[in-house]
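For clarity, chains are labelled A, B, C and D in written order, and residue numbers in each chain start from 1.
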Amino acid sequence: MSDQEALFEYLLRLGDNALVLGHRLSEWCGHAPALEEDLALSNVALDLIGQTQLWLNLAGEVEGKGRDADKLAYLRDARDFRNILLVEQPNGDFAVTMARQFFFDAWHYLLLRELAGSKDGRIAEIAAKSLKEVTYHLERSRDWVLRLGDGTEESHRRMQAAIDDLWMYTGELFEADEIDRAMLREGLGPDPAALHEPWLGLVKATFEEATLSLPQPGWAQRGGKRGIHSEHLGYILADLQFLQRAYPNATW
Amino acid sequence: MSPEERSFQERIDADIKIEPKEWMPEAYRKTLIRQISQHAHSEIIGMQPEGNWITRAPTLERKAILLAKVQDEAGHGLYLYCAAETLGVSRDELMEQLNSGKAKYSSIFNYPTLTWADIGAIGWLVDGAAIMNQVPLQRCSYGPYSRAMIRICKEESFHQRQGYDIMMKLARGTPEQQRMAQDALNRWWWPSLMMFGPSDADSVHSAQSMMWKIKINSNDELRQKFVDQTVPQAEYIGLTVPDPDLKWNAERGHYDFGEINWDEFYQVISGNGPCNRQRLRTRVNAYEEGRWVREAADAYAAKKAARAQAKAA
Amino acid sequence: MSDQEALFEYLLRLGDNALVLGHRLSEWCGHAPALEEDLALSNVALDLIGQTQLWLNLAGEVEGKGRDADKLAYLRDARDFRNILLVEQPNGDFAVTMARQFFFDAWHYLLLRELAGSKDGRIAEIAAKSLKEVTYHLERSRDWVLRLGDGTEESHRRMQAAIDDLWMYTGELFEADEIDRAMLREGLGPDPAALHEPWLGLVKATFEEATLSLPQPGWAQRGGKRGIHSEHLGYILADLQFLQRAYPNATW
Amino acid sequence: MSPEERSFQERIDADIKIEPKEWMPEAYRKTLIRQISQHAHSEIIGMQPEGNWITRAPTLERKAILLAKVQDEAGHGLYLYCAAETLGVSRDELMEQLNSGKAKYSSIFNYPTLTWADIGAIGWLVDGAAIMNQVPLQRCSYGPYSRAMIRICKEESFHQRQGYDIMMKLARGTPEQQRMAQDALNRWWWPSLMMFGPSDADSVHSAQSMMWKIKINSNDELRQKFVDQTVPQAEYIGLTVPDPDLKWNAERGHYDFGEINWDEFYQVISGNGPCNRQRLRTRVNAYEEGRWVREAADAYAAKKAARAQAKAA
C-alpha cells in the first residue's frame, strides 16, 4: 500500500466515523426526551456532518479519482466503509446514545488534539476546527453520564447497562494497524495506543463521579476500520443512500 | 368597560406593548395562551414530516440544511412555550394538552411527506404561508409574543428560500425530478391555502382578536397575499399551480383562485387527516420515553444543589 | 386512459398488495411468538411473493415495455406503487399483524373469487390459483382474531386496539375509481363496493364470536391505489430495493 | 456393566434403534438431550444471520428461496425440539436454557452477514459443513433423532445447492459481485472449518459418544471430508480458498490445509463473537414479546375445551 493509499484510508476512517455517528444522532431528531435535547443532539449531528464533508472531500482529493464527499458518502457499500464499530451501534435508549457519545467524544477529542499537530497542514487545519466543536461535545456527553449515572435509580441502571453493552466496542479505538503505523511514521497521525491512557483516565474519573462501575477489561470487537462491520450498517446505508442510488444521474 | 379595561385598550391602541406583569383581561390572556401554544405545538409536530427525510436527504449539504431547519423548529417551539409561560401556564401543562389530543396544531402537518420534493414544497409553501401569518404578528400587542415572532420570522424566511431552492433544483433537474416537484406542488398547494383558516365570513373570534392586536390581518387577506406572491414563483421555475380557476384579475390587481375544499379541511382538523394518529403517537412516545431522562436530570440537579448547600453550611 | 393502461394499473394494484404485505410478513421471520408462527407467517409471505410474481409479470406483459416482475418490484419509487394503505402499515405487535391480515384476507378472498371468473383468462387463472392459498390464509387469520379476542384480558385489549387503529384503512378496499370501473365495464374485475357487504358480514360474525366490538363507521383513509401512500412505504422500499439500486447492472 | 447396560449396548452394536420408552443409561439420555437441543438451538439462532437479508434479497425469486430456507430452519428446530421432548425435557425448558445463555448453539451464527454474498456462503459452506456432520447422524442409535436427521438432511442438501448457486451467480457476475463472493468466502471459510469442533486430540466425550453411536465420525475426519469436497467447488467457480497452506496431497489422497486459529474459536464460543449478544437478545426479545400471544392461545384453547365439555354434559 502506498503512502497515498494509506492516507486515503485514514481519511475515510475519520470521515466515516463522523458520517455514521452524525447519521445516528440525526435519527433522534424529533424524538428526544426534551426540546433542549433535540436542539443539542442536532447541534452535535450538524458538527459531525460538517466534519464529514471536510474529511471526505480531502480523502477524495488525496485519492485523485474525482470523488467528492457526497460521492464517497452516498456511493460506497458497507464493506468499503471504514468507521469504527462503536458509532454504528443503534441508538437504543438515551443512556445508550450518551454512553456511545461519551466514549467517542473522549477519544475523538484526544485524537483531534494530536491531529491538530499533524505534519499535513490540511489535516491539522480540519482537526483544529473540529477540536473546538468536539470540546463542547465532550463536555456535554460527560455531563449526561454524570446526570444519568448519579440521577435516579432507573437512570443509573440504564447508564450502567449501556456502558456494559458498549464497552467491547471501545478497544478498537486504540488498536494500531498498518495504516495507523504509516500515519505515525510520516508524522501525520498519532499512535492510537498512546491515546488509551488519557482516555481511560478521563473515563475512570467520570465514572467515579457518576457512581458507575468501570467494566472489566475484556475481548475487544474490531473490524470496522477495515470494513468488517456489524449488521446495523447496511440498514443505515439503505436509507442514507436511497435517493442517490434510485436517481443516479440527478443533482439535488 | 372597567377603567382597567379602558386603559388596557388605550395602551393597545397606542401600540404600547403589554408585558407579563401588567394587568390584562382574562379573555386576552386565555386567547393568547391558546394562540401561542397552538403555534408552539405546530412547530413541534411540524418537526415530524420533515424529520421523515433527514436520514434520506440526498446530499450531505441538504442533510445538514434540513437537520438545521428541523432544529430551528424545536427552537421556535421553545421560544413560544417560554412566551406562553409568561402568561402563567407551564410547558409541561401545555405538552400534556398536546399529548392528550386536547390542544390543536396546524393541520398541514397531518399530511405525509412522500418524496424529497415534499421537503422543498414544505419550505416554500408551508413556511411561506406561515411567514405570511407571522410577519404581521411581529407587531402584535403582547411583548413576549411579538419578540418571539421577530426572531422566528427571520429564520422562517431563510427556510422558505431553502425550500424554494430545493424546488428549483428539482424543477430544472431530470424529468423524474420535475415530475416529483410538480407532484409535490399538486399535493401541498391546497393544504397550504387552508393554513390561513376559514373564510372571513366563517371565522369566529376574529373581531375581538383584531381589536386586541393579536390578530392583525383577516384570513382571506393573508391568503390572497400568499397566492399573489407564490403563483409567480411557481411560474418562474416552470411549475403549474393545480387550480384551473386560477387567473390574474387585472381589475382587482390580484389573482382569482378556485374554491377551497373545506370538507377536507374540517376532516383533517377533526382528526381524520392521513397522519393525525401517527403524529400524536410519535409525540406521546417521545415524551413518555423521555420521562425517566427528565426525572434523572431533575434528581441530579437536586442532589447537586443539596451538596453545594451542605458544603456552604 | 386506454383500457390497456387501466388494466396495467389494476394489475399493479394486485401485485403491489401482495408484494408489500408479503414484505411486511417476512419482517417477522425469526421474531414470531412461537416457532409454529414463524412457519405459518412465512408460509403466507411465500404465497404472497408467489402471487406478486404472477401479477407483476402479467402487468409487465400488458404494459409491453419489457418490464418483468422484478423490474416492477425493484425499480419503481413509492409514488408509483399502487398497493392499498392497509398492507404497508407497520407490523406493530402480533395483534396488529393479525388484524391487518384478517381485514386483508377477508377482502382478498372475496376479490379473488370474483376475479376467478374474469373474462381475461390470464387473470382468472392467477386468481383461481391464489384463491386456494388465500382460503387458508383467511382461515388462519380469522382463527387468530378469535384466539386473541377471546383469549386473555391482555390479548383482548391488544386485538381491540389493533382493530380500532386499522379500521380507517379498510374503507379504501371498497371504493371504486375509474380504473375499477373500467375493469367492471370490460368484465375483467368486480365492483369493489359489491364486496363490502359480504366482507362486513364476515368481519361482524368473527368479531361477535371473538367478543370484539366493531368500530363505528368513520372517515376512510385512501390514496394508496393512486400512489399517495403513508410515510412507511419509503422505508420498505429503501431496504427492498437496495441491491438492485446499488448494483444496477448485475444479475443475481 | 449392569445387565441392562449390556443389553442396551448390544442393541446399539446390532444397529437396532433405541426408542423413547426403552431403558437407556442416564448419561446417554443426558448427552443426547444436550446434543439434540444444541442442534435445535443452532437452527433457531441460525435464522437470524440469514433473516438479516430477507427484506433486502435482490430479486423476488431469491427472496422467496431465502425465506423458505429460513422457514425450513424453524421447521428443523421444531423436529429437533420434538425429538428432545421424547427424552423427557420440554421445549419451554430448552428455550429457557437458550435464553438464559446456559445452552450452547453453533458458534458460526455469531458472525454477521455483511453482504448478499454471505447468504451464498452460508448456504454453500455452513450448510455444507452441517450436512457433513448430519449425514452420518441419520444412522445414529436413537430412533427419533435418526428420523429427524433424515428429514433435515434432505432439506439441507437443497439449501446447500441454493447457496452454491448464489455464489456461482456472483462469481460469474460483475467485478463488484466477484469481489463480494471472494470476500464472503474469505470470511466464512475458517469459521466453517471450526464448525466440526476441536481437533480429535482435544475433543472430550468423543469415545463414549461413538460407542453409543450418537457420534459416528471424528471431528477431524469430517473436517477433512469437507475440505476435500469444497475446494474443487471453489475452484470450479473461480474463487480462491483463503489458505496459503492448502494443497493437494497425492500421497494421502486429501488436501492438506493450514492451522486453524483456535483462539478465535474459543473466544467466539465463550461469548465474544461479533454477534453473540445481539443474537441472544433478539431471541429473548422475540420470546418475551410473544409470551402474551402464547398465553392467549392457551387461554382460548382452555375456554373452547370447557365449552365443548359443558355442551357435552
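The definition used in the following text is that contacts are C-beta pairs under 8 Å (C-beta built on N, C-alpha and C of every residue); 3 or more make two chains touch, one makes a residue touch a chain.
Not measured: the values here are computed from a predicted model.
Asker: When every step has to jump to a touching chain, what is the lowest number of steps that links subunit B to subunit D?
Answerer: Step count on the best path from subunit B to subunit D: 2.
Asker: With chain centres set to the mean of the C-alpha atoms, which chain is at the far end from subunit C?
Answerer: A
Asker: With chain centres taken as the means of their Cα atoms, state the distance from subunit C to subunit D in Å.
Answerer: Distance between chain centres, rounded to whole Å: 35 Å.
Asker: Between subunit A and subunit C, what is the gap in Å from one C-alpha centre to the other?
Answerer: 42
Asker: Touching two or more other chains, which residues of subunit C qualify?
Answerer: 77, 234, 238-239, 242
Asker: Would you give the residues of subunit B that are in contact with at least 2 other chains, written as numbers and ranges?
Answerer: 56
Asker: With chains as vertices joined when they touch, what's the shape: line, ring, star, complete or other?
Answerer: other
Asker: Hey, which chains are touching each other here?
Answerer: A-B, A-C, A-D, B-C, C-D
Asker: List the residues on subunit C that touch subunit D in their complex, please.
Answerer: 19, 23, 26-27, 29-39, 42-43, 45-46, 49-50, 52-53, 69-70, 73-74, 93-94, 146-148, 150-152, 154-155, 158, 236, 239-240, 242-244, 247, 249-252
Asker: In their shared complex, at which residues does subunit B touch subunit C?
Answerer: Going by the criterion above, the answer is residues 49, 52, 56, 112-115, 180, 183, 187, 267, 272, 274-275, 277-278.
Asker: Once bound in the complex, which stretches of subunit D touch subunit C?
Answerer: That would be residues 44, 47-48, 51, 54-64, 67-68, 70-71, 74-75, 77-78, 81, 116, 166, 169-170, 173-174, 176-177, 282, 285-286, 289-297, 299-300, 303 of subunit D.
Asker: In the complex formed with subunit A, which residues of subunit C make contact?
Answerer: Residues of subunit C touching subunit A: 77, 234-235, 237-239, 241-242, 245-246, 248.
Asker: What part of subunit C is in contact with subunit B in the complex they form?
Answerer: For subunit C paired with subunit B, touching residues are 77-79, 165, 168, 218-219, 221, 223, 228-231, 234, 238.
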